[in-house]
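Look at the two complexes coming up: chain A is in both, with chain B in one and chain C in the other.
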Partner chain A sequence: MAPVSLRQIRKSYHELSVIHGIDLEIADGEFIVFVGPSGCGKSTLLRMIAGLEEITGGDLTIDGVRANDQSPVERGVAMVFQSYALYPHMTVRDNMAFGLKMAKADRTLIAQRVAEAARILHLERYLDRRPSALSGGQRQRVAIGRAIVRHPKVFLFDEPLSNLDAALRVNTRLEIARLHRDLGNTMIYVTHDQVEAMTLADRIVVLNGGRVEQVGTPAELYERPANRFVASFIGSPAMSFLPAQIAALDGGRLTLALADGRPIPTHHRASEATRLGDPVTIGLRPEHLAPDGPGSAALPVEIQDIEYHGDRRFLYASAPGANGLTMAIPGGRPFQVGDRFDARFDPTALHVFDGAGVALPV
Partner chain B sequence: MTDPSHPPQPTAAGGRSASPGITTTGTTTSRRANRRTVALMLTPALLLLALFLVLPFLLSIGLSVTNYNLLNRRAVTLFVGLANYASILEDERFWQAAWNTARFALVTVPVQSALALLLAVLVNSGLPGRNLFRGVYFLPTVLSMAVVSVIWAGLLRAPQGVLNALVGTLSGGVLGPYDWLGDETLAMPTIIVLSVWQGVGFQMVIYLAGLQSINAELYEAARIDGASRFQQFLHITLPSLRNTHVFVVLATTVLAFKLFGQVDVLTQGGPLDSTNTLVRYLFNSGFREHRVGFASAASVLFFLLVLGITLVQRALVREDREI
Partner chain C sequence: MAPVSSRTLRLTSPATLLTYAAMLAAASIMLGPLVVMLVTSLKPDTLQIVQDLGGVAAFIPGPVSLENYKRVLADQQMPFLRFLVNTLVVVVSIVGLGIIVNSMAAYCLARRRFRGRDLLLAVIIALIIVPVESLAVPLLMMVNHLGWMDSYHVQIVPFIAHPFSIFLFYQYFAKLPKDLDEAAAMDGASVWRIYWSIIMPLSAPVIATVAILQGLEFWSAYLWPLMVTRGVEFRPLSVGVAQFFGQEPRQWGEVMAFANMASLPVIIAYLTFQRWFIQSVVGSAVKG
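Right after this comes the complex of A and B.
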């Protein structure tokens, strides 16, 4: 168990810079998730923490010790790989014991640790099998077991669930959450799936193009995204965006004008750079826009697509100046493609982003 | 078996049972058409094999029980039963050749395989100039054995060849000159060194292919587990190459038993038969002494010997199809 601290961590391959200076303080026992689109540098950052990739610049500290030049074992990290990377010619038992054998651990200690991990992960019956005789989910648990037996200070996961099918993914996600509760280790988890990030993380780090877009709890990211990128990345279905203009700045509160001139009074304040007439973007979560909701603002929409999801439906609609507005509605009133009506929303629930995509303060 | 805590996944099960073969979904007619295509495509290769491998082999079994002689055409060829086999087994020169061949194989197979693996690991390790080294090590393999032997004959010449000059200079004139090919104790070791040098590139290329098919993440997992470079080699590389080892050892053994060219060019089996080999023994009796019946019997014995060794090796080291 250990805090991890990143100060101005950079990575470049020859001339090509892929991580541009990341600062992050991870508390002891925290579950941190790196999330971001493909190629944003999540794996690279994780592999630098693991000691598999050289750190080009900055300081990595694990448990108070500068770790830049330490080996993975000296850092006390264990890692679960996306493809599991189990040793194919070893049994499940030997796979899990390998790290301790390399550390010349006592044989009874090894047996005890392997038994403990097998019990936690329900692998007792498979200890003498080769990985090739296991299902994907079982292999995944062996990979986690291999990490557990070493009692590492920090667990690292690189997209550990992406090779599992949907049902097993939910199952294993819960197991990892339980594991974190039981062991209490610091865990750093990489995924491009924002649902995994939301459900597992104490704090999420949203990465984009080798930079941190925002760090915060799942609720902070969902309710107060710092910018348009985070707003569109977190939440499923994604936030809808509407173009608007700043129509008035009365008493610090902004009034916006939609594309058709309709005024929308908001809670938001102007930043120093905001000027009357500036173009802005309104962001609305699907659950905040409804055909006949309680909101005081109205938006004329036309339904383009309908998706049935059992407990609810998603309506995809167009409005003046915007396409692909999403509404999440419970079953009930039937809708049809082509229907037109005034969708309602609460102006205090919306997000406003300035021309550069930065969220305006509330 | 499935884990009770996770219900079996229909996609996974479906994926496993649906083999990529055509037969699982094919109707009888398409299966028959399929079989015809297979037969059609196999025929040319099978014909050639039959013509140049099976037929001559059957012929030599037939000839091995006769006294057929190439020179003595007018003499009647007679059935002699197992007389050829008996006289071969009584021939001291046969046993000498068999012992020499075995000696050669016992040294070259392990040495050449291990050296090939070492070179493959070095060439694969991302050192600068690795493409150059790969080419340099492979080059002797593409040269004909006759050419290699002629070049080495020059290097090995006694007393003023290049190798003797080298040994003399390095030892300050204390050692040498040696008669590398004319000395009864040196001739076979010299042939072994030359043969390993010539053949190692082939096994190296096979090991390289094996090395490159190992999942790189296994090494990363091993690094996380704290394995040193040597432990990674021991616990990841060696076991992952299991099937490659089986192939390399079998192929090298068969090649070693076929030892002929370098011996025939460089030592003519001498001195005092110390480098004579089984293939040279049967070649000589057949094409130099023209005793075709006798040579055929020797070749049948040779075939049985190689077959037996291969079967024993296969039984000892079974290919691991699981990996």
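Right after this comes the complex of A and C.
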């Protein structure tokens, strides 16, 4: 177990800068998830922590020791790869023992550690098999076992569930959560799947273009996104956005005007740069917009598409000046494509972003 | 039933028949000399052999005798077994050391990033088209200056580094997932350990390909061994066959027996590794 500290961490390939000075403090035993779209730098950042990529600038500290120039083994980190990266010519036992053999560990200790990892991951029956004789889920467990046997200070996971089918992904996700509870190690996990991020993380780091957009608990990110990017990235289906203008500043509280001029009083406050008439964007989660909800505000919509998800349905609708509004509704009242009605929402549930996409304070 | 009838039609179509006829003719041209070689080596009567060699009788076996083989093996002037041992020492050394050296070079080119890497790779690929014959004279001057003439190492050392083998290894390594190297590095393996314990055990197909192609090339190498060996002590079979053939009066039965025994190891190797050999030729697709 160990805390990890990143101070102004940068990465450049010749002239091309890909990580632009990241500051992050990861507590001892914390489960941190790096999430972001493809190319945002989340895997590069993980590989820099692992020691597989050189750090161009800044300081990486693991367990209080500057680790920039240390090898992966000296850093005390172990990594689980997306492709599993099991050695195909070795048995499960040899795959798990390889790291300890490299460390010239005693044979008895190796056997003991491998047996312990096999027990934790239910791999006892497969120890003498080659990876090719295992299913995807079993291979992933071996990859995790290979990390466990080394008793690392920090576990690193690089999109470990991406190659698994949907059912297995849920099971393995639960196993990883259980593992974190049991071992209590610091874990850093990279994914582009926000469900994994929301369900596993103590805190999520949202990355975009090599910069941190927001760090927070899953609830903080979902309920109080710092900007429009985080708001659109976290949550499935994504938040809906409506263009609006600042119509009034009543005692510091904003009243917005929708595209059709309809006023929406909010409990958001103006920032220093906010001016009357400034364009803003309203954000609404699918569960906060409903055909016959309790909200005091109304929005005329027309249904464009309907998706059935068993326990609920998603209605995709258009409104004046906006397309792709999403409503999550329980089963029951039937809807048809083309239906028009006033969708209702509670103004206290909406999010407001200024012209630069930054969330306005409540 | 439709697929069966269409298959039958295809097999008996004029184009198919013509293809099979052409293949049969090509096979006959290739196999003909081998049949003559085998049949002649088993005929004990030298006069009969000379008469038969002019016509179809060369293909027809007569009374079978191993007399020619016995005489070849008993010949002290042209020691077949000495030539065979020399060839084995040279070929096994070139192939064995070549696999290590060429794969290490290829691994560096495929995995390490260093200044001039692309240029070095381009130069190595360009070297594939340079024939040994064009380098023979300057190389001869070098080895002569080093005092290496008439030895095993003069036939081995210049050919351990082999651009085509490096290229084959490079292509294979480039396709192996880098995650394996990185996983091993995370496990604390050094670059050498990754190469030796992870990469090489996964490279059996390319090792077989390189071994077969390099082995065949140097089994039949002629010009260089002829230039650098003076007596029978270090001469390989390829030069020995020519030397044996050049003896007067020419004993065709013994010449054929010598040639047969010289070809036998290659034929056995081919039959044993036929599947890999075909894969290697298809896989390399550059050099036959």
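Before moving on, here are some points about what is shown:
Everything that follows uses one rule, which is that the second predicted complex is superposed on the first by the 362 of 362 C-alpha atoms of A that agree within 3 Å, B and C clash if a C-alpha of one lies under 4 Å from a C-alpha of the other, contacts with A are read in each partner's own complex, and residues count from 1 in each chain.
Here, a contact is a pair of C-beta atoms (placed from the backbone, for glycine too) under 8 Å apart; a residue touches a chain by one contact, two chains touch by 3 or more.
Since the structure is predicted, the reported quantities are computational estimates derived from the model, not experimental observations.
Taken together through their common chain A, the two structures put chain B and chain C in a clash. Once the two complexes are laid over each other on the shared chain, residue contacts for A:119 go to neither chain B nor chain C.
Of the two partner chains placed by the overlay, only chain B lies in contact with A:132; chain C stays clear of it. Residue contacts after overlaying the shared chain place A:309 against neither chain B nor chain C. Of the two partner chains placed around the shared chain by superposition, chain B is the only one that A:171 touches, whereas chain C remains out of contact. Contact comparison for chain A: of chain B and chain C, B touches the greater number of residues.
Taken together, the two structures place residues 50-52, 71-73, 77-79, 81, 83, 85-89, 98-99, 102-103, 146, 150 of chain A in contact with chain B in one case and with chain C in the other.
Chain A meets chain B in the complex at residues 50-52, 71-73, 77-79, 81, 83, 85-90, 98-99, 102-103, 122, 130, 132-133, 135-138, 146, 150, 165, 167-168, 171.
Taken together, the chain C residues at the contact with chain A in this complex read 177, 179-180, 182-189, 193, 198, 201-202. On chain A, the positions that touch chain C within their shared complex are 50-52, 71-73, 77-79, 81-83, 85-89, 98-99, 102-103, 146, 150. Within the complex formed with chain A, the residues of chain B that make contact are 2-3, 5-7, 9, 11-12, 215, 217-218, 220-227, 231, 235-236, 239-240, 242, 320, 322-323.
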